[in-house]
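Per-chain numbering from 1; labels A, B and C assigned in written order.
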Amino acid sequence: MNPVAQYFSDIFHAVGSLWKGLRVTGYYFVHPRQIVTQKYPENRKHLEMFDRFKGELILVHDENNQHRCNGCGICQINCPNGSIEIITDSVTNEDGKPERIIDKHIYHLSMCTFCGLCVKNCPSTALAFSQQFEHAVYDRSKLTKVLNQPGSSIRKEPKTPKVHAEPMSKSNPDN
Amino acid sequence: MQEAELQDILTSREDGEYIINIGPQHPSTHGVLRFVVSLKGEILEYLIPHCGYIHRGIEKMCERLTYQQIIHLTDRMDYLSAHMNNEVISLAVEKGMEIEVPERAKYIRTILAELQRLDSHQLWWSAFGMDLGGPTCFFYGLRDREKILDIFEESFGSRLLHSYICPGGLMNDIHPNFQTRTKEFMKYFRKKLPEYDDLLTGNVIFEQRTKGLGTLSKEEAISYGLTGPCGRGSGFSCDIRKHHPYSAYDKVEFKEILYDEGDTWARYKVRIDEMWESMNIIEQLIDNIPAGEHTARMKPVIKLPEGEYHQRVETARGELVAYIVSMGDKYPYRLHFRTPNFNNLFVINRLAAGYKIADLIAISGSLDLVIPDIDR
Amino acid sequence: MPFNIYDFSVTTKAVDEYFKAHMSPTWAFVMELLIVGLVFLIVYAIIGLYLVLAERKVCAIMQNRYGPNRVGKWGLVQTIADLIKLLMKELIPVRKSDKFLFNVAPYIVIIASFMAIAAIPFAKGLQGVDFNIGVFYMMAVSSIGVIGTLLAGWSSNSKYSLIGAMRSGAQVVSYELSVGLALLAVVIFSGSMQLSTIIESQANGWWIFKGHLPAIIAFVMFLIASTAEINRGPFDLAEAESELTAGFHTEYSGIKFAFFFLAEYMNMFIVASLAATVFLGGWMPLHIGSLESFNRIMDFVPPIFWFFGKTIFVIYLIMWFKWTFPRLRIDQLLTLEWKYLLPINLLNILLIAFLVLMGWYFK
């Protein structure tokens, strides 16, 4: 093409490409319903996280304030960076033999990397992730939590053979 | 050696040349990376990158962790290719223990890797557009990325650092909604990706700022060890998914995207086309996930037999290699990662010398660097 | 002429008579000056503040989010809060800077934009000064702002500010040519440089319609060139945040930075109102030739609403450009001006002169 025609075709090509871009932003300007952000602190009441959301580690307590942790320490062994410390105690059970119970299940939220190995490997499925995500505190010692609530005791389950540990307890039709 | 070079420059610089520091904190370097730049007027003469600001000693830490515990650390190397990082260790261990992973797990691993590639390229596009001066691109890319993050959050509970693919298969089975959500996302994103082209790719201002900039020939790309979209933009065919297929990649049909020009524009186009290809791969696999177990039976304590094992995967940025030396113990004796960003970074002196500062931003954006991957 | 348009010169004459009746002529003059100055200051401040908010809201909706919406209903008090914050910031003086020039630079930009606002016709008779070289005056006065920019860069004693100021200076000086030539197009059509005459000549239709193709080309040229004049939109390399040199106003903080910021938005308003006056008819309602009934319906909306409506439309166009396109590099900027805008403008002027001579336009 001779230079003059090239010059004008360049200009038309340029203006056309710019117009295509303008159309995209112009479309979003006249469609304010496409706004995707949420007004966060005001919508706390309606906010629902997903079931499997990894918010914070908890020992699952039922309505009788009972949990299933027997202090075996497998979660402590599996944790890669020592976020869990188990302190056990010894009591005499009804057969007269000494039995190990959990005294304190200490969890360092400041060090946890939420890898999920403790939850997956717990043989009694005592641990789970809650959906609480607002962890900001002014005092760092508040991030060291004791997971077994005061006054709770272990709930004894009848001994059944376990095939797979399914801590998420969601029924999987494909499995 | 770098200090000696720096001293050379400082003592031998001519009049009118000055040294500035594009410091570790800068909105355009996408991480903590320091460039020491020698400028003459506005033209760059020499550029030395200093990495290491986010070195955490991952390889050393892995020497006293079991193989299941290493998974959560690999997430944090290139956090935008978290699934591929997890996959490389899992595949290496499975190769060593000669475990057969169930088909279901292989299909899901492939789908997750492609979703992760899509998500990584979306974030790259957003950041690239914003660096070049169009902040609107940032919001559009992130808005679409939120849908992928919702898919991940529903199945694994976390958006960025998953630790999901582990030796033997997967940690848990996927959520029942996974397939529906992914299919909906495919329909949605196929309509939105042409908008990216309208906004940035076809734009005459963008074309002028990237065409012909930072050209790298194929021989130079091979000699610098550039892999991934950067290498493929120069014509170097290096896609591990094609040459050494793993997981379910031998069961899908997809093209390897190659461009010959080797400039910033070609590297950009490679990534946009890879997004289309990833969508094709996912659509071929999503309806055909076989039923079955999601993980193979593994002993609680994994001990790799004595020897050396290595495995390569294709992350969103290039070729990641894991190399394990085992003494028969439950901990690896030595674990080394060859990360793609390390090689991609050090070509920047060759690319950016002779251009202006505004071009440096465009070039380093097109290389798509994630700094924690360089430093581990 | 439009029907039942209120002529503000009636009010101004009444006020003038009132003052002359009660004090000596000099004092009356001084009082009038004070009133005009006060009115302009308030208008300037309010428009400036709300333009900043409007930009943030417009860009937010284009990016699928809300924009400021917490401080006051719909974020209306947001800019006032920002202003109070800027007023309370510490004014950090720069070591070894030229103190006098450093302090004077923000004032020069504000003075330049103030002088330009004085000549804009808001409604019939509602104009600060009505020169017979109105268009020429606006061009001349907005060029004074460049001096402020260059002084700011020079006196900051920082090489990055100097690079930014020099780039900005080169850009503004080049694009002034295109702005002038685009305005010249309408001057040829209407035959006068006086702004009120230009508006009254649009009583039977706006120049962008009457002057068909060449006027549309001139309008587009004017928009592009004036966006570059005010250092905005895809031409804001001088103050780019994601690059190394943060621009000529890096070293300014507090109220001085607020002046630069405000002057940028007011320049946008001035350029938009100039486009609205010259191409889109200023305060003149939309008239179509001699369709009397249509024209009477259009006349019911007061002229000041027409003026602000058109200005807001042009401001929206300028904001739309900024938030869609990536930035141009300095050499691409200058190529655009010297190789594309200037030749097309010159050809356009030639074409318009020919059309006016042959009478081939809607009179």
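Methods note: contacts are C-beta pairs under 8 Å (C-beta built on N, C-alpha and C of every residue); 3 or more make two chains touch, one makes a residue touch a chain.
Small disclaimer: the values here were computed from a predicted structure and weren't measured.
Participant: Give the label of the chain whose average Cα location is farthest from that of chain A.
Facilitator: C
Participant: Taking the mean of all protein CA atoms as the centre, name the chain whose own CA mean is closest to it.
Facilitator: B
Participant: How many Å are there between the centre of chain B and the centre of chain C, using C-alpha atoms for each centre?
Facilitator: Here the centre of chain C sits 47 Å away from the centre of chain B.
Participant: What's the distance between the Cα centroids of chain A and chain C, rounded to whole Å?
Facilitator: That gives a centre separation of 53 Å.
Participant: Between chain A and chain B, what distance separates the C-alpha centroids? Give it in angstrom.
Facilitator: Taking the average C-alpha coordinate of chain A and of chain B, the gap between them is 25 Å.
Participant: Would you mind listing the residues of chain C that make contact with two or more other chains?
Facilitator: 62-65, 323-325, in rising order.
Participant: Going by the contact rule already set, what residues in chain A reach two or more other chains?
Facilitator: Correct list: 18, 21, 24-25, 36.
Participant: Send over the residues of chain B in touch with two or more other chains.
Facilitator: Residue numbers touching two or more other chains: 136, 143, 199-200, 203, 205.
Participant: In their complex, what parts of chain A are in touch with chain B?
Facilitator: Touching chain B from chain A are residues 13-14, 17-18, 20-21, 23-25, 36, 50, 52-54, 78, 80, 113-117, 120-121, 129, 166-168, 170, 172-175.
Participant: Could you list, by residue number, the parts of chain A that touch chain C in their complex?
Facilitator: Residues in contact with chain C: 11, 18, 21-22, 24-26, 28-29, 32, 34-37, 39.
Participant: Quick check on the complex: what are the chain C residues that touch chain A?
Facilitator: Interface residues on chain C, with respect to chain A: 58, 61-66, 69, 320-321, 323-325, 340.
Participant: Under the stated contact criterion, what part of chain C meets chain B in this complex?
Facilitator: 59, 62-65, 159, 163, 234, 236-237, 240-245, 323-330, 332
Participant: Quick check on the complex: what are the chain B residues that touch chain C?
Facilitator: For chain B paired with chain C, touching residues are 18, 20, 22, 27-28, 42, 129-136, 138-140, 143, 199-200, 203, 205-206, 208-209, 356-359, 361.
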